[in-house]
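Before I ask anything, let me first share the structure, which is written out below as structure tokens.
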Amino acid sequence: MATVALADDAESDPRVKAVFDDIRATRKTDFINNMWRALAFDPGLLESTWADVKALMATPTLLDPLTKEMVYIAVSIANSCSYCIHSHTAAAKAKGMTDGQHAELLAIVALAARTNHLANGLQVPLDPQFDMAARPQ
Amino acid sequence: MATVALADDAESDPRVKAVFDDIRATRKTDFINNMWRALAFDPGLLESTWADVKALMATPTLLDPLTKEMVYIAVSIANSCSYCIHSHTAAAKAKGMTDGQHAELLAIVALAARTNHLANGLQVPLDPQFDMAARPQ
Amino acid sequence: MATVALADDAESDPRVKAVFDDIRATRKTDFINNMWRALAFDPGLLESTWADVKALMATPTLLDPLTKEMVYIAVSIANSCSYCIHSHTAAAKAKGMTDGQHAELLAIVALAARTNHLANGLQVPLDPQFDMAARPQ
Amino acid sequence: MATVALADDAESDPRVKAVFDDIRATRKTDFINNMWRALAFDPGLLESTWADVKALMATPTLLDPLTKEMVYIAVSIANSCSYCIHSHTAAAKAKGMTDGQHAELLAIVALAARTNHLANGLQVPLDPQFDMAARPQ
Amino acid sequence: MATVALADDAESDPRVKAVFDDIRATRKTDFINNMWRALAFDPGLLESTWADVKALMATPTLLDPLTKEMVYIAVSIANSCSYCIHSHTAAAKAKGMTDGQHAELLAIVALAARTNHLANGLQVPLDPQFDMAARPQ
Amino acid sequence: MATVALADDAESDPRVKAVFDDIRATRKTDFINNMWRALAFDPGLLESTWADVKALMATPTLLDPLTKEMVYIAVSIANSCSYCIHSHTAAAKAKGMTDGQHAELLAIVALAARTNHLANGLQVPLDPQFDMAARPQ
């Protein structure tokens, strides 16, 4: 189920086809996952989303590709996005994430969630030492 | 403000003192941040929380220390834990996170949040290719 | 799957039947969606929930019906309520939401999520200009 | 700071005064906390909110008063509502919550958050045994 | 679907078998639900998770078993963990939660969510009366 | 407090100055709120964030400006972003949101949160009628 139609002929729209072709070329695969098929209901939204995902996740940047995927998974878990957890876990595994690294990622996410809830429950006052705004640059 | 008292004499309890001493020894600093001072209202909760934070975040494991802090920050942002965002950003900077890495971390967290909300809004159906449970091991 | 039974004969309870009849009359349809069938496990919870949904969402108020549905969808996405996203997107479409409006709604939700995470990650200090409590009335 | 004015003379509106009087009578105190002062910017919203809070939280029901406050705190922590965590922790303490019970409440909230993130990260498939909808009534 | 394989022969690993045996002995049932089967992909994560769940949820503590399950459900709902909502609702029912108690639990969770969003939307300033950190102990 | 320095001389960087000048020109005010001052620690992040906020929120699109701000506020409340709630409530008021509209917005957000938590707590099964993916286009 989805809240928009996933059209089989989405690529009859040249803007959609251009994005799908770029996804295939960038990822070196014919597989277009459902996220993009769903976004194709609005070519503008598809274009802007893919452009930004490509720029950050499919292009060399400061952080290494696997670290980026692990951060992405962490956010997706905390935001309870089932689709994103699946797709980015698959992406991280494709980029070499081992079972041991996966388990440690989940352990850190779970530990952070635990202390997030403790700190919020205690309403811990901020230590002035943490204030970057007050520090000399 | 906090939901528990942050006692000035918390270390008069030997269990609290033992944890605080271990925090100081492990982190090589005299600074005990408010999270631990707040948790000291219950020595058992303080002990179990510190034991697990120490084992994962203050001990060499598979992932490097900075990656672990970045994952921690990502979860804390998504869970809106103000204290945790401050404390772990400070920790990441202490472990060498540059402004460029910080900016990229925030960009990935923001991109993930954006696509999390898009995927949830579209209720994108899972692609069978993502199913790890069905794969031969 | 559900955490309560969805009874086929829920309307044998006159309180449930009265609510279902009012839903049918208000919405001018015979379709009772599963939300109400599930809530029927407790007639009091069903009555109070429907009364408040009807008063705000099925009655003319200050905001127009489509705006109200779009706000409802936005909250449901951020809270990751799959059922609510589906049901209120269907409701918004029934009230005339076009694909273009749907795409723009999702774009705004995604932009807000992105800046929410940025502002939380940066822990941006509040500008005193935003303080409504301090303003003369 | 607040997004609405907290008027000193809010009770010059008879609808606001009636609610504030009922809060004072119900709680047997002159203290009107800021939640109600803020809601007073719209008497209708103030009335409906207080009516429902009173009916569930200030009236004997199936669950005992302290259990209800602890559930309220748990939800407020997970939703990161700083004000609600403070006000309901104070309410729970006023109803007899000991430091030991408070610590155990926080430990359960933290454990739940931890396994919530693990289960979401693993995308654990539902066991058919959990399906209440399928069970004979 | 899951992000890890749920191995049929997980118990061929003696560490997994030891945990599963302890789950069966503690719960007095042969049923091992999928949460543990999924966690078995990493014996260390399985061991530490079960140890802490057992200590808090399957051992007599200050709070009674049903209250603990209700708090757990409340957090799981707010964090939108579908699996956890199902498994802990089933556990609460096994511990005697009636339909009336279930309905009241949901009503409180819903009321808390409602006032959480109101208080956050209004950005209600904290009342100094709520500050436990400032109180004499 | 913030996790980055808010530099007084941020505009000595020409990229920052160009964005700040565009904010001033677009909004017809000299006021640069702290969100942009904080983002200025990384000119690239500042540029991309402002470009997208400007394109959607400060440019005529399908939805009217006030509706867009109300959707933005709704998401910010659900994500518990204190800064965003303040800044976008101020923006909505500047665009004409009355107290009555504000109260109704908050009432809808609170109602959605309430039914989000009910639907998640009940794990209401999706009605096939909501499936847009299955509908003929």
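A, B, C, D, E and F are the chain letters, set down in written order, and residue numbers restart from 1 in every chain.
We adopt the following convention: a contact is a pair of C-beta atoms (placed from the backbone, for glycine too) under 8 Å apart; a residue touches a chain by one contact, two chains touch by 3 or more.
Just so we're clear, the structure is a prediction, and the values are computed from it rather than from any experiment.
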### Query
Tell me, which chains sit next to both chain B and chain D?
A, C, E, F
### Query
Hey, which chain ends up farthest from chain E, C-alpha centres compared?
F
### Task
Report same or different for the chain E and chain F interface, where same means the shared residue numbers exceed half of all residue numbers found there.
same
### Query
By mean C-alpha coordinates, which chain is most distant from chain A?
D
### Message
Counting only Cα atoms for the centres, state how far chain D is from chain F in Å.
### Response
26
## Note on the structure
Here the gap between chain B and chain C, centre to centre from mean Cα coordinates and rounded to Å, is 33
### Query
Using mean CA coordinates as chain centres, what's the chain D-chain E distance in Å?
19
### Query
Multi-chain contacts in chain B: which residues touch at least two other chains?
1-4, 6, 45, 48-49, 52, 75, 77-82, 85-86, 89-90, 100, 105-107, 109-118, 120-123, 125-126, 130-133
### Query
What topology does the chain touch graph have (line, ring, star, complete, other)?
complete
### Query
Which of the residues in chain D come into contact with chain B in the complex?
80, 85-86, 89-90, 99-100, 102-103, 106-107, 110, 117, 125
### Task
Spell out the part of chain F that touches chain E in their complex, as residue ranges.
73, 77-78, 80, 82, 85-86, 89, 105-106, 109-118, 120-123
### Query
Touching chain D in the complex: which residues of chain E?
1-4, 6, 31, 33-35, 38-39, 45, 49, 52-53, 56-57, 61-63, 67-68, 70-72, 74-84, 86-90, 93, 98, 100-101, 104-105, 107-109, 111-127, 129-132
### chain A residues touching chain C - in the complex, by the definition given at the top
1, 3-4, 41-42, 44-45, 48-49, 75, 79-81, 133
### Query
Inside the complex, what are the residues of chain A that reach chain F?
1-7, 48, 52, 126, 128, 130-135, 137
